[in-house]
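Both complexes shown next keep chain A, but they swap its partner, so chain B is in the first and chain C is in the second.
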Partner chain A sequence: MSHVIENSVRRRPHGMRASAARVLFILPVLAFLLLVFGYPIAFNIWLTFQSYDLKSMITGVSEFVGFANIVSAVTDPNFGTALLNTLFFTLASLFVQFIIGLALALFFYNNFPLSRTIRAMLVLPWLVPSIVATTAWRFIFKDPSGFLNQLLGVFGVAPVHWLTSNDTALVSIIIINIWIGIAFNLVLLHSGLQSIPTEQYEAAAIDCAGYWKRFWYITMPALRPVIAVLLVLGFVYTLKQFDLVWTLTKGGPGNSSQLLSTWSYSLSFQSNKFGQGAAVADVLFLLSGLIIIGYTYVQRKHANA
Partner chain B sequence: MNKLAVAAVMAAALAVTACGGNASGPAGPQEPKDKGPLVVLTYAQGDQLPMYQEFFDKCSADTGYKFEQLQVDSENIFNKAIQLTASGDGPAAILADNQMVAGLANAGVLSPISIGDLDPNDFVEGPFKSGQFEGRQYGLPVGNNGEVVVYNKGLLDEAGLEAPKSWADLTEAAKKLTTDGRYGFAQTFVAGETLSWNFWAQLWSAGGSIADLGSPEAVEAATFWASFLKDGYAPQAQLQWQSTDIIGEVAAGRVAMAQVGTWTLSNLLEQAKANGIEIGMTTQVSKDGSAPIVPFGGEVLSAGSSVSGDELQAVSECIVSWSTDVEGLVKRTKLLGYLPSYIPAQEAALRESPFLTVLSEQLKTSRGRTEEVGADYQSRTLAISTALQKIATGDATAQDAMTEAQASAAKGE
Partner chain C sequence: MRRFRSSVGPYGQTVVGIAILAVLLFPLAWVVLSSFQPTSDFYKPNPTLIPRTFTLENYANISAQFGPLATSLLIAVLSAALSLVIGIPAAYALAVFRWRRIAVAMFLILITQVVPTVMIATPVFLIFSKIGLLNSIPGLVIANSSAGVPFTVLVLTPFIAGIPASLREAAYLDGAGEWRTLLSVIIPTTRSAIIAAGLFSFLFAWGDFLWAVTLNTNGTITPLSLSLFKFIAYDYVEWGGIMATATIALIPATILLIASQRYISLGLTAGAVKD
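For the complex of A and B:
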């Protein structure tokens, strides 16, 4: 122990110079982050407390209004609907994407003829620009004679109002979001599986461990860091989903597929209530922030353990 | 690896909020701003652009200034005009929906124009006033469109029905004409202005006002307007149908009656004729069957606040000729399905497009959309269309939906 302290004392001057150099290296990144991420967030938070309207965009003049925008947004009858829809949308998408992604990753773990080609095809939805994908889905879900309804008609099922009924609009959008998200889960989990040393499986096989035993005691623990990253990224990515809903239903019919993101946009850019729109965006920021703080905390605990 | 992942997560999170709803949108494309081109911001599309350019070229020749069009999406024109002006690059003129004039003028994006010795009495009154805000003239209308009721004449005759005039007529006819594979009545229920403006005539005929969406009259009107979808006389798909989609259904005989925009009429007549269907037209209905008060649509060409002096004079001259040169007006309004707001041009326009007779009747008793709420119109649009969709899909009662709509719209006004 003592020689460690001695060592560090002796090297202090050199260490200080090194840390100064480190700060110097960090500066460009810091400046970049402040400019590109810090400024918009700060502006958004500032906007939340201002009476900023169309006039203000020209004159630059607005007043501090305290919590008025937040109160207006939160007490709006649409807030509850949008919040619940957002949580349902995010959690349902995340859960199903993950399960299907994991199943596919396990399926593709063993290479078989054409497995690479099929895997590449499964990644396609992720690569297609979402505006293109949603246009295609619009045709599939079209009321009353879209592709899916025609397909159902072959089996004698009555046409479903996929995007035009308040019972199915949000579910239809979740289906599309899952379709897009599976690829992301598949790719990360598949590469995670590749990094598990095969010796562990060989040893388990010698111990006569069955498939499920190997899955629970080798695969899942080894995948844990990948899964954590996957879920956190997926959560943040899904929470802010906007273009999908906007191109398909604009939050309708009524408010049945309204998310916080689309509602925030409507408030800001359709009703020109910028402060209230910013307040709703703050809620999204808060939700992502909580998840990330939680994740960082768990990571640190793991690292220290 | 872990640190990298965290950094990536943080970056993603920051990016989320950055595009979650901030109001600091990027400035638009930069245009040179010397003595040079006067930019007309427009949402015109397709055939309209070259035809407008032909007109603006004439303006260029008359005034010595070069006029150029800058085309944007109709949904974005309002914000684009403000962003460009805020960044010191404002358009010299804006060609936009008349309901936007109040909001644009209120935000300080428009300049008052001089109309010279033009006689206001030569214009239909409502449309002429739609170029004004708080007593000042910012622009002039080109022409007006509206929504009218079209019907399959054969089907109505067969059922012994007259063209609908009152709420009761329309409801009864829709009920009678709905059969397996055919809907009695269709209206577009697409969220936003498409839906809100086809509803205002009913709101007004019940004695309601855009300023109070929660009034008993407003609830009554909304109940009526949503009843067709709710009771199954209108197709559910109209929640995503525009007028252009509806006319296809009418022409195919799958919809008996519909309220559609006048810009689709010539197309409808053509399609229906090909299918051997005779189309009748009548004004929008009203509660008691009297002449309806309808909102008029159509664009106003107004001057931007970034021009002054000689430039503003040139823009003013161009605006006046835009609204009054009879020959060009007839050509422009025909393409748009408009009736000129300039009365001396109406006769010639009706000769070109006789199917606009119903529209010209309706326009006599029309009302501007911003007369009641002025610059606050935009938030009303969204609130009412959401409420109507909720009522029609059974998501909320008319009373609840309309009370909510009023509360939402009035917040922060």
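For the complex of A and C:
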């Protein structure tokens, strides 16, 4: 059937001209993606194996150094710190954002006066420029007289050096990242809830199923595909996070809030070790890739089952 | 599910909802409100949310930020335009043409969402320095559209694919070519999705920090994010000016959110994409 349609399309009289014109639709995007993704990714992989430094920027000359950049990046004590920080940052952000987002999505599932407007306004933290978010939170975390320390003071807690202490810098940035990401979880989970047929709940109500029972046996299973997409995308996007750390601590104090993204950037742009910076960026790309491949694999298995 | 928390009643829920909103928007509210208090009040021992003395002096003092504001607006508008001009025809092609490699093309566009920006930052910096796009508006527009272009394609393709083929065929029968069909049939019917894609492309560029800090090496071009960052980093005392600048930076997002709520949630769920 589809074969017949395809043939009739191909036999259209202006077929030849059309296919030439069609290339024009796709050519700009192809050129653009090659310029900002294709070539740069290839370039980055090439850099990983080159002795590219400040001099090379001018002369364009660099040497093939094999795995030297990868070895020196991975054996650098900062690598372990940045890797663990990145994993902790990503998983902690994801988990808390998801829990809060889910709670809010369930709350806003009930339509009450102004619920739509309030829900829409909640997206604001996610939409504002990251530099505005860091400005706001810098003031809240101000040491020793910021809002949070004042608030803790009421309960007799001594001021915390939020962004300036090794113990709390990363946690402070995670708090900000959670604040930004709640909206993303809320909106996606809310639209997921909307697509669950209400008959299912009505049937359960007849069976006298309580709220939690309905939640575990109807809501959660129905949300599973949305949750999977949400967590995979959330993981990939959180892994990329750069702005917050760079504008608040630059990875410090020490390396206590260093992520792979910020470390890669500072290797390249502050130490001019472009090869090592590229190697660290490769690791970040691989981590995202692994998650995506894992997700597609599980999806396939589900689809075939 | 609807009977969740029936004890509170609908207006009780509104109150709870507003309380949640107040807590989550508190950091931004603080920025806006404190921008109206004199800088000296930022150093008083007990900060207040409502300014003790109301003043506009912070706004009068930040005329230096008008240039960066205009720069950011220009970059964001051009990025949105570029994203739509490149993205719309591509989405049309992917949705409508029967090419064998379309699945591959879609996969490649999805991959762009996974690429860490720091990974392409160094190469783009080196490439741009070679072809003279550092410290230039076109350079920043191109770099920022690296978020907007794939986003536009990903959001629009399913929408265009959802348009009944009969609509397009009617246009063909009327003698319209591919471009004509795109302009007079496809674009009008997918207007909401196009607006959503344009809005997000604008906001990606407006909120950008990484490209601003990477591709400007000599200070000729200063977008607002970079200027605010320098303000904070070098001049950590002018809190009044900092808060006034931050308030200006959050205005576009707020206006767009209020004016185009439904496009924002459309873009969020359709693309499920964030940079």
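List of remarks:
Convention: the second predicted complex is superposed on the first by the 266 of 305 C-alpha atoms of A that agree within 3 Å, B and C clash if a C-alpha of one lies under 4 Å from a C-alpha of the other, contacts with A are read in each partner's own complex, and residues count from 1 in each chain.
Here is the rule we go by: a residue touches a chain if its C-beta (ideal position, glycine included) is under 8 Å from a C-beta of that chain, and two chains touch if they have at least 3 such contacts.
Bear in mind that the values here come from a model prediction, so they are computed numbers and not experimental data.
By the touch criterion stated above, A:L104 is placed in contact with chain C alone, chain B being left untouched.
For chain A, the partner touching the most residues, choosing from chain B and chain C, is C. Judged by the touch definition given at the top, the superposed model places A:N44 against both chain B and chain C.
Of the two partner chains placed by superposition, only chain C is touched by A:P129; chain B is not.
By the touch criterion defined above, A:Y265 lies against chain B and chain C together after alignment on the C-alpha atoms of chain A.
Once the two complexes are laid over each other on the shared chain, residue contacts for A:Y237 go to chain B and to chain C alike. Overlaid on A, the two complexes show chain B and chain C touching the same residues of chain A, namely 33, 36-37, 40-41, 43-44, 47, 57, 229, 233, 236-237, 239-240, 242, 261, 264-265, 268-269, 274, 277-278, 281-282, 284-285, 288-289, 292.
On chain A, the positions that touch chain C within their shared complex are 6, 9, 12, 14, 18, 21-22, 24-26, 28-29, 32-33, 35-37, 39-41, 43-44, 47, 57, 104, 106-110, 112-118, 120-140, 145-147, 150, 179, 182, 184, 187-188, 191, 201, 205, 211, 214-215, 219, 229-230, 233, 236-237, 239-240, 242-243, 246-247, 261-262, 264-265, 268-269, 274, 277-278, 281-282, 284-285, 288-289, 292.
Those residues of chain A that touch chain B in the complex are listed here as 33, 36-37, 40-41, 43-44, 47, 52-55, 57-59, 68-69, 72, 76-78, 142-144, 161, 163-166, 225, 229, 232-233, 236-237, 239-240, 242, 250-256, 261, 264-278, 280-282, 284-285, 288-289, 292, 295-296, 299, 303.
Residue ranges of chain C in contact with chain A, taken from their complex: 1-5, 10-11, 13-14, 16-18, 20-21, 24-25, 27-28, 30-31, 34, 45-47, 85-87, 89-90, 92-94, 97-98, 105, 108-109, 111-127, 129, 142-143, 145-146, 149-150, 153, 172, 177-179, 203, 206-210, 213-214, 224-225, 228-229, 232, 239, 242-243, 246, 249-250, 253-254, 256-257, 261, 264-265, 268-269, 272-275. Interface residues of chain B facing chain A in the complex, by the touch rule stated above, are 1-2, 5-6, 8-24, 79, 82-83, 85-86, 103, 106-109, 189, 191-192, 235-237, 239-240, 305, 375, 378-379, 381-382, 386-387, 389-390, 392-396, 401, 404, 407-409, 411-412.
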